[in-house]
């Protein structure tokens, strides 16, 4: 059974991770999962979180350029608020990255990941998490160079991918065409030890069976292993 | 290994589902999972969704009374916006209920589930989903009685529970004390066929292994089977 | 001439004042005037008002659950602001309670009364004031127990009732049916010395004569005397 | 016992009502109660209220120029919302004027009274009501002239004044100095038949006795009779 | 070729600058350019800007009363935000005045110019700047008298006028009729040395040639010289 | 006298105009003026403006990615409103493009230019206008291809550049370093006939003389002629 894109069920789209994409940010990464392109910048500010003394913080904000999508969406800044979807995504990105950072080792600095979607074709939040990790590592390196921190507060690697059931078939890394027409989908965030950081599966149409869930998790594990490699290659480059 | 509440690992808190709690709503349910109390009302309005012709809609709104919690939280109406957390929860409740409703059979009516937490002790969103299902069924019965619809648009039962790993032990239905101190937790929404509608697992502290995930899903399945029974008993009462 | 409810002109609806309704708040009262039910919680925070040094503060917030009413109202948190009516009511509640409290004896603490209407059938603001007084007294007792204050900052008792002219007849404690069909109505707040704290009379349809105003004030005085008793009984219970 | 201004207890400040103060509005009145100056414009728009078919509407908006007061207040437009006080006042003005207008005779037009305080010295809301009545009459005359309406939808005259207890003495028409230092105050709105449209009495400090309330109402009746005359004179001018 | 008002191409409307228009503000000026009337108050607050230590600040806010115009505009406070036009204008006024003030000589005080349009007939922003200068000088004098400052922080005079091409003819000081029907217009702000502080020319319909631009600047220079005189006369008065 | 960048006074930074930068928009251009990079997309929607029958519309929205700048700025969507600066800029872009479009020939379509700054180094608004023109032309070509319009509604070319006085020397196309340290600057928008569409000059520090203004306009004319050529080359490519 073939996918609209002709990919195999367990095949990722071409992944590209381009560092130093813009000049000013401590970390700046353009990540692409096929036609999905997200600019992830990591900004370091020397102030800790208001609610937690003697600690640093890692947080994220997400945005979609109005015409990143097939039809123009309304600009959230002009509407005066972020949608529920945007807030859900940026909270997810922030939590995912905090799962691999020792906040107490950040010298009371805040690192903000800004994930702005330049072009959308499904999977923007998983691309954002995967790219943000690389931007975060670059930002931490910049902090070290500047003498802000000593050790390495990043104690693991994190990447994310979507999986779903499209026309009865469990598939990896859904693009927009599949996403619009799938029965259920799941975003999975894992670390380099192969453990789960977030699992968010949703079925509006068709509730999924335990064995389907198991198969989706298998697919995700395989995909994330490749993304972990791609991150390493980018950071080594 | 004992839990703070003395419960077994796979033991729910006492569940109570009280119908007709307030007078005006077509469905009005006070659901309690132990000390967590949520008032779920279902309101029928004879207008369909703006974006979908010839269809009805089911949606949800969630709120927490300012002093439902240990310390007073700020009132969202006074602050001028709903938090990201609130929006995430109400979107989850809406999706969960739509998964068991045939929207085209709603005669272009909208059913709104208002879930207001009177007292919070962990698990408010899972209680809200579980109680909302019962309020929804009552509202649909009222629609039938009023001649608005003929068949039964509700084609399945839906309930939800939280699970998590507390001090190394996978446990069912976390209360506030466990929730504040757990390494990872997951909200699971299932239907009466034992299939998954939503799975939302989060690990900020400790990433969970595949076998832990499997054990958590087992616990959730067991708990939800009991909640499905409790809903039936309430509706039969 | 009989009222829709069959009550006498000077007859209150059944009043019930239930303390310790929820667990977390320092004071938590469910007050009912007939079918009107308001949950009043009093929360103590150890910070004084920004604009007044060496003083405590008493303030109130009011909300109506969306389906407390016959038809669903829009949730203020979702709309992004409190209505003019809501603000008027919560300002009234706050002023009324401050009239019986010595703010300088509050040890720079703030007590917030949250009045949330679970079910509405007319007179929600008067029920809220009457119930909030009892919640306030419980909160002050909790402060004393905790050693925050020494003397008793509450130097009087306060209660409120509505009166109005329904079909030509001055009546006490209007329910929703009367309220929707009355020519003018007045909310009266008094203390246990029988003096007036607030008088708010409004006539959109029919302006009222001085002798009608006098009769309405008489009715209110009688009703409030009974509420003062009900508060005492609840606090003694 | 003398008042800070040297006025007698039952003496109004000098009242001036200047019509056609600005050019564009159908009615435009600058009303002064002593140093309090409010510009009241009445604007006619040929659209009825959304919620009431075959009816016109009368509504009001109130604003205070930032430096109308002794110290500069924040501009509500810049803050992004109207205060609770502003909303209370503009609701009061609207209700007061609707009490003397037959809305069904307004040919589905809306008349908006904009009351903007140029200079404040106490009593801005009562001046606003008193001046708005005159602007309303001018706007109705303009509607007649333009052929929008035939009969006279205004069936009564309305004016307002404040009264209060200042240093133990009941006084009429409080200025800022008295207002800041009074034990309780009351705004009274009456029609030309001497009947009450609104009575809003507030005592934060000292609850008032029934006989004090009676005396305050007497003072208000006397003051309003003079304002009714002043309106007539202005309209005759 | 005659203008709708019968004025010559280089003729200003009658200018009037009335000081001490309201009582409370340190500077209070009613400025009129023909039928355009703007109330400019200058308020002194003893706090400097948050972002600049050891400095004072001069800022402006602009508002239009809803019925200052031919048809009623919506009140910005009620809409919950200032329009883009309002913000542009108040930023322009602030910048223009700061151009003639030595902020470091303001003793860390902030002077706020509130420019509220009572009646609009074109050129409200230029009238606002011209009037605000006079209010500013009065406020600075008040500061001196109060001992807040010693020297004179105002090192120049500033005034503004509009120019435009109406029906092919370059004209000075456009009124509403001309403004609605002009091909391009320009607001010019100058100091008493005849130098430019702001030049804002806009052509939506007809792009203007360099020689037209030159002619418009000539007209503006001539007009502003007269305004500078009018300001001096008012301050001498 | 040399500029920080080593450029001559009348020298532009390297200009690049890259079409079809993203896939979905009808026009999509990445424009660079040196290190300033702005993504300009043109989106066609088949709905005209609400306030103008039988007409199309051209409008613009502007945004800056939070870390486009040296230090991170706050995300406007998260703050809940667009700054005054943002609104000023997007209004300028919209007006500038409308100056070369025959709106009545747009078949009641709206073209929205979204200008999002990926990297900022001074001159973002002028780059946005220059790039938006090219995106607009591409969008109009797409409309023609789709049969939405027949003739060419674009009747001229438009480009923009900044000029200013830096350390006493009039210079063209200021970068961030010059912009932060200049005495006055001006944004100039012109068409391909060499006429002015917008002139916005501002002097906070040093008011500029007429001859300086003349010199700045000369510089701008020279720069814009080059930009007009660059646009032509891009569109021919």
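When the chains are written out, they are named A, B, C, D, E and F in that same order, and each has its own residue count from 1.
Basically, a contact is a pair of C-beta atoms (placed from the backbone, for glycine too) under 8 Å apart; a residue touches a chain by one contact, two chains touch by 3 or more.
Protein names from UniProt, one per chain: A, B, C, D, E, F = Ribonuclease PH.
Computed from a predicted structure; not experimentally measured.
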Self-contact between copies chain A and chain F, residue sets same or different by half: same
Option reproducing the contacts of C-D, where over half of them reappear, out of A-B, A-F or D-E: A-B
Centre-of-Cα separation between chain F and chain C, whole angstrom: 59
Separation of chain B from chain C, taking each centre as the mean of its C-alpha atoms, in whole Å: 33
Length of the line joining the C-alpha centres of chain C and chain E, rounded to whole Å: 51
Where chain F touches two or more other chains, by residue: 80-81
Running round the ring (origin chain B, first step to chain C), the chains in order: B, C, D, E, F, A
Complex interface listing, chain C residues touching chain D: 81, 84, 87-88, 90-91, 95, 98-99, 156, 186, 190-191, 193-205, 207-210, 213, 217, 221
Of chain C, residues touching chain B in the complex: 22-25, 28, 35, 37, 39, 41, 43, 45, 61, 63, 65-72, 75-82, 86, 112, 114, 116, 118-119
